[in-house]
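All chains are identified by letter, namely A, B, C and D, in their written order; residue positions are counted from 1 within each chain.
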Amino acid sequence: MYGVVPDARVAGFPLRRYKGRPLVAILEVYMEIQVGVLGATGFTGGELVGLLLRHPQAKIAWLSSESQPGTAYGKVYPQYLGRLSAESEKMRSFEEVKSTVPDVVFSCLPHGASAACAAPFLANGKTIVIDLSADFRLKDVAAFKKAYGHEHPLPALLPESHYGLCEIHGAAIKGARLIANPGCYPTSALLALFPLLREGIVSPDGIIIDAKSGVSGAGKKATDTTHYVNANESVAAYGVGDKHRHRWEIQEQLSLAAGRGVELLFTPHLMPMERGILSTIYCDLVPGRDGAAAEACLKAQYAESDFVRLRDEFPRTGDVKHTNLCHIKVYQPAESRKLIIVSVIDNMVKGASGQALQNMNLAFGLSARLGLG
Amino acid sequence: MYGVVPDARVAGFPLRRYKGRPLVAILEVYMEIQVGVLGATGFTGGELVGLLLRHPQAKIAWLSSESQPGTAYGKVYPQYLGRLSAESEKMRSFEEVKSTVPDVVFSCLPHGASAACAAPFLANGKTIVIDLSADFRLKDVAAFKKAYGHEHPLPALLPESHYGLCEIHGAAIKGARLIANPGCYPTSALLALFPLLREGIVSPDGIIIDAKSGVSGAGKKATDTTHYVNANESVAAYGVGDKHRHRWEIQEQLSLAAGRGVELLFTPHLMPMERGILSTIYCDLVPGRDGAAAEACLKAQYAESDFVRLRDEFPRTGDVKHTNLCHIKVYQPAESRKLIIVSVIDNMVKGASGQALQNMNLAFGLSARLGLG
Amino acid sequence: MYGVVPDARVAGFPLRRYKGRPLVAILEVYMEIQVGVLGATGFTGGELVGLLLRHPQAKIAWLSSESQPGTAYGKVYPQYLGRLSAESEKMRSFEEVKSTVPDVVFSCLPHGASAACAAPFLANGKTIVIDLSADFRLKDVAAFKKAYGHEHPLPALLPESHYGLCEIHGAAIKGARLIANPGCYPTSALLALFPLLREGIVSPDGIIIDAKSGVSGAGKKATDTTHYVNANESVAAYGVGDKHRHRWEIQEQLSLAAGRGVELLFTPHLMPMERGILSTIYCDLVPGRDGAAAEACLKAQYAESDFVRLRDEFPRTGDVKHTNLCHIKVYQPAESRKLIIVSVIDNMVKGASGQALQNMNLAFGLSARLGLG
Amino acid sequence: MYGVVPDARVAGFPLRRYKGRPLVAILEVYMEIQVGVLGATGFTGGELVGLLLRHPQAKIAWLSSESQPGTAYGKVYPQYLGRLSAESEKMRSFEEVKSTVPDVVFSCLPHGASAACAAPFLANGKTIVIDLSADFRLKDVAAFKKAYGHEHPLPALLPESHYGLCEIHGAAIKGARLIANPGCYPTSALLALFPLLREGIVSPDGIIIDAKSGVSGAGKKATDTTHYVNANESVAAYGVGDKHRHRWEIQEQLSLAAGRGVELLFTPHLMPMERGILSTIYCDLVPGRDGAAAEACLKAQYAESDFVRLRDEFPRTGDVKHTNLCHIKVYQPAESRKLIIVSVIDNMVKGASGQALQNMNLAFGLSARLGLG
């Protein structure tokens, strides 16, 4: 039922009878995974804590906050009132936790700030760091500067980092020490496009990604953009075409898939809803390839996946809300050489904290579904 | 069709024929009402400007903003791009406008700041001031201090002020120089309760007002409360029972109606919607009175009103969205001496800018409906 | 202030003084326009009635409903309780109204049913018919059949019909007897693209229109799709690529603009909001043309328009909510030959009932803004 | 970590070392609980299936649907695509399942229909039935008829039924064969009021419950009320005062608590959100009792509860969204003998499927949190 550490023995056998039916005994041998969460008060932190509380092996060692150290976590997220241990309930500062050695640290800090806080845990030689910020997602520091407007804070660590798109780079993640958790938009776009570019089914030129996201993607800071009266009952494009920083992340990964540079337009939109991303992707089929080939390629890629599914109908973001799922539909319009792909995720789960936990599961050799199912 | 200044002559007569049918000529004689708006960038200012642009006699002379003087109004509210005159498009500071003499000034400034800015216009002896803030709503300065936490800024002006609940105090408003535009919750509650208390139909003791408001009532400032992710898909009570400042305003007016002090509990709630207030009111019928008497009283009170209507069904806030209407339903449950009243308004229109414009119409002797639909 | 019938004399002159200031008298000569509304209970009917009540010359003669004849209109839309005349308050059946001769009839009936109901009014030789359904939008009956799945109900009337995209075909509308009011998606897309194709600035090949609409576009019928729990907090694509019937309407008009057949993909999406359409349009700049040329072309096209504006920032649908505005932004990404255009309207106003009223204004030679401002 | 069947042995002991840290082995002995779900396509069914899939001991044996037998469940709820076993994926008719003997059957059928379908499972002598409909909630068949408009379908089974308000009647549920899962509004109101009436802290007279619910409470049927455009951006009262059927359920339980008949007004409201109930309760403190006593009483009642918590601040429904929690705040306004209580739950979880699963846990002697935490 639950994953176990790789080399432990598991035994399932009938034990005795209860109300006339055989009981099943399962010897579950597991390691308690000590977890620290940096920057736990943000939206991804809040989501992650909820997932960790349901994970059968994770144990929250501490939660950190630079803005509210000393505050009880339940003051920030009342749903966790009374559900955390005495040690983890009160948030600590980075100073207080930087010398601890948990099995895994999730960094939910903002990009730019995250790299430096991840460093001491990497230096201890034991802790695995899963960084939900963008600091280690791009290998290309020039692209990083273009996207984020400043030099990379710790380029020396980049060679160690693995881009944690689980269904694509899962093999590399097993055993990784530093995992860059993918951005929300990139997760939705790459799960649809990466295999198709790798297999030469769609062209690396002229890709258009028209993405729609819920407001939680804009973060916890109260701004005019996130004010209810502005965000509600309105749709807006932003970072149009070439301006959103996730464009660089998508571009680097798709270039990796294609084996050459890709050209793309990426237009994100803000939707009046809390969570969910729907990416509508327009691309050109390579001569000789068609929609059926594209669908077969993705079906093969995700045949064993617990989370990514090819759909017969076009998926709604509501279909995957509060799950770690990614649902995809491919469609070749009649008399057209274009391929249209619709891919949906929950930006807070598969697009952030859920995939981070999936990365933890992979890194520890556990079942990908553990705590996510 | 449109109201005219009181003593102007109006003539309607067949003129000649157009496409075979008689044309009607109406000589509309009207005064162009020069309008200034203090604090135009807030939500009530934005709503008011839209209403003024539709009003056939109002002409916006200037818009002021302390936070963004010099900025074009269309930068703040793009729906007004290109719809304002050259002089009014660029917002001015209070310093720049305080010596002007428009026919009417609407103050959309925050309470506390509003009174001082209204003063110079009152001093010029010509301008009518309609204050959308709370500064002149309470005659009782002790209650003001309890509600707003500081001394009244300009008590000397209080005797001049008139509480602008149009359907109740309309006669006094005609000719007033300083009109305190009622709060949103009070408008919804008082239109339902004032006549019933005045006529001795319900008891002044034990009144419970359970009110539900959209998020625009919380104002334009971006806060944790107004963050989309917090306000969306959630309902919350606040200022419970005796803590919300509108409680004092309701209490003063209802005491005036009852001719003695009333006792009430007022619990506002924040709803996941932009606009609208629904007040569910529970009160005791005076012995010998019943629900039918209550309904008859309110029907008589509002028989001539353009905006307040008694309903056969329980009204929804959606029924009055973007209108200056107030819909009310009274109900006496079987075998009960309680009266339940549901009253709905649009908090931004009847609860703020619409009623302010209605007050302007009344003050200038125009039809109450002018520009309001 | 208000438009007048074309050849009427208008006089504005100082009359006398009121409170020491000159009054202005305006002789407004206008024809009362008798209006009938077929199928008034749907969403476009409800919106239209609200606009008509504010229009200074329109007078509602009757409202018809096949599903609820005899019912008071205020039972369906409580916001209109007590605001309609005695004759128009009670809805009539088509049978009861088909022999009347109002100046204008708006048909808000479903496509397929609308053409037959419009016919008797066209036959009377006097009434102007503005059809909000799709029945007369396509000149190409083969395309009509592909889009709507059945033969055109009244092809004989097609030569008489004018496609009522006001800012593009306004000259033809003046004097028209049968006006096909454009669809909501087409209005948003065509106002952005029509001039650019006509002027040869963008290529007629490879156009992609990724459109996002509020739920009111799905109509008043209660279905699984429009159930709050399904529509809320979810985004979905539908009619992807080549399947939505508005695709044919856009295609016919754009081909007219380009002088040759265009190739396009059109993907509508359902957003969790009541109203609003945002179209994100991707197209190829013709060699030698650039984003600046596109912007200049649109600015010139709409220089005199009351409703269509070019924006410096990307517009939100919230910017045009409850207005007849269309806001457009064009953008050429760096180092790209693509043009991205974002166009927003309120689907219920500019995309339906507002544009219908604008068409009435044009047909009667009135100011386009009358009742829409 | 997980609950176990009552008399099984559990052993936790250090086993060996993994990466230098001790592993912990836990022998979990559990019974696989075979589960059938009647009427699985409704909202409560959909929610319940998601919870069951996360429950470590529950195994879905079958899902039934009268409207769509033979259909794959993933067609109805795409989030469950590929997550159900081959046998349970395809929904069956009642006829096909009525002779099966699962350990537990949840009935998500509508009231009226549920009782008859529950009967054969009760008759088999083994299956525990948890009925999410209202059929077995009221012991008083006269009240049932008043509330539901028809005679009770199976009064003979009523003596066997237990009202499954877990935190109040938990002791009786352990061992029950027929559990009537409480209604959503009653759960929210009763958890706040039951202990206070039982302990004589508040008066049984004059209780007012003003409740606010999300739209999922209105069920899956597409109606005018649940149409997005009507439900969105609007608040409405319904079943005001004495008309809603949950009023009878609250009344019977509170009378049980008070040891005499209680008098109450209950006014539910529909909120523009998917899920959540907030009840604002107004009642009179018994002489000699105060708010502190009320708080102490509730704290004592729920000291051991996994799900019900007393809050220092007023709770939002957002605080308990997608959880089985109930958060409560009590408040006695200054100089008042009234007590105001705010109680929030997720109507789909604690108010329906979550509490149903909690009842299953209690009935089988498992930890209440199992699968709910």
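The criterion applied here is as follows: a residue touches a chain if its C-beta (ideal position, glycine included) is under 8 Å from a C-beta of that chain, and two chains touch if they have at least 3 such contacts.
Quick caveat, the model's predicted, so the values are computed rather than measured.
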Original post:
Which of the two pairs, B-D or A-D, is linked by more C-beta contacts?
Top reply: B-D
**OP:** Specify the chain most distant from subunit A by Cα centroid.
**Re:** B
Original post:
Using the average of all C-alpha atoms in each chain as its centre, how far is it in Å between subunit C and subunit D?
Top reply: 48
Original post:
Per the centroid of Cα atoms for each chain, what is the distance between subunit A and subunit D, given in Å?
Top reply: 33
Original post:
Measuring from the mean C-alpha position of subunit B to the mean C-alpha position of subunit D, what distance in angstrom results?
Top reply: 43
**OP:** Please list all residues of subunit B that touch 2 or more other chains.
**Re:** 232-233, 272-274, 315-316, 319, 321
Original post:
Hey, which residues of subunit A end up touching subunit C in the complex?
Top reply: 208, 210, 212, 214, 230, 232-238, 240-242, 265, 267, 269, 271-276, 278, 280, 282, 314-319, 321, 331, 333-334, 336, 338, 340, 342, 344
Original post:
Which bits of subunit D are touching subunit A when the two form their complex?
Top reply: 1-2, 5, 8, 15, 18-19, 21, 23-32, 53-54, 56, 78-79, 81-83, 126, 233, 309, 311, 313, 315-316, 319-323, 325, 327, 373
Original post:
Any idea which subunit B residues touch subunit A in the complex?
Top reply: 43, 215-216, 220, 222-224, 226-229, 231-233, 272-274
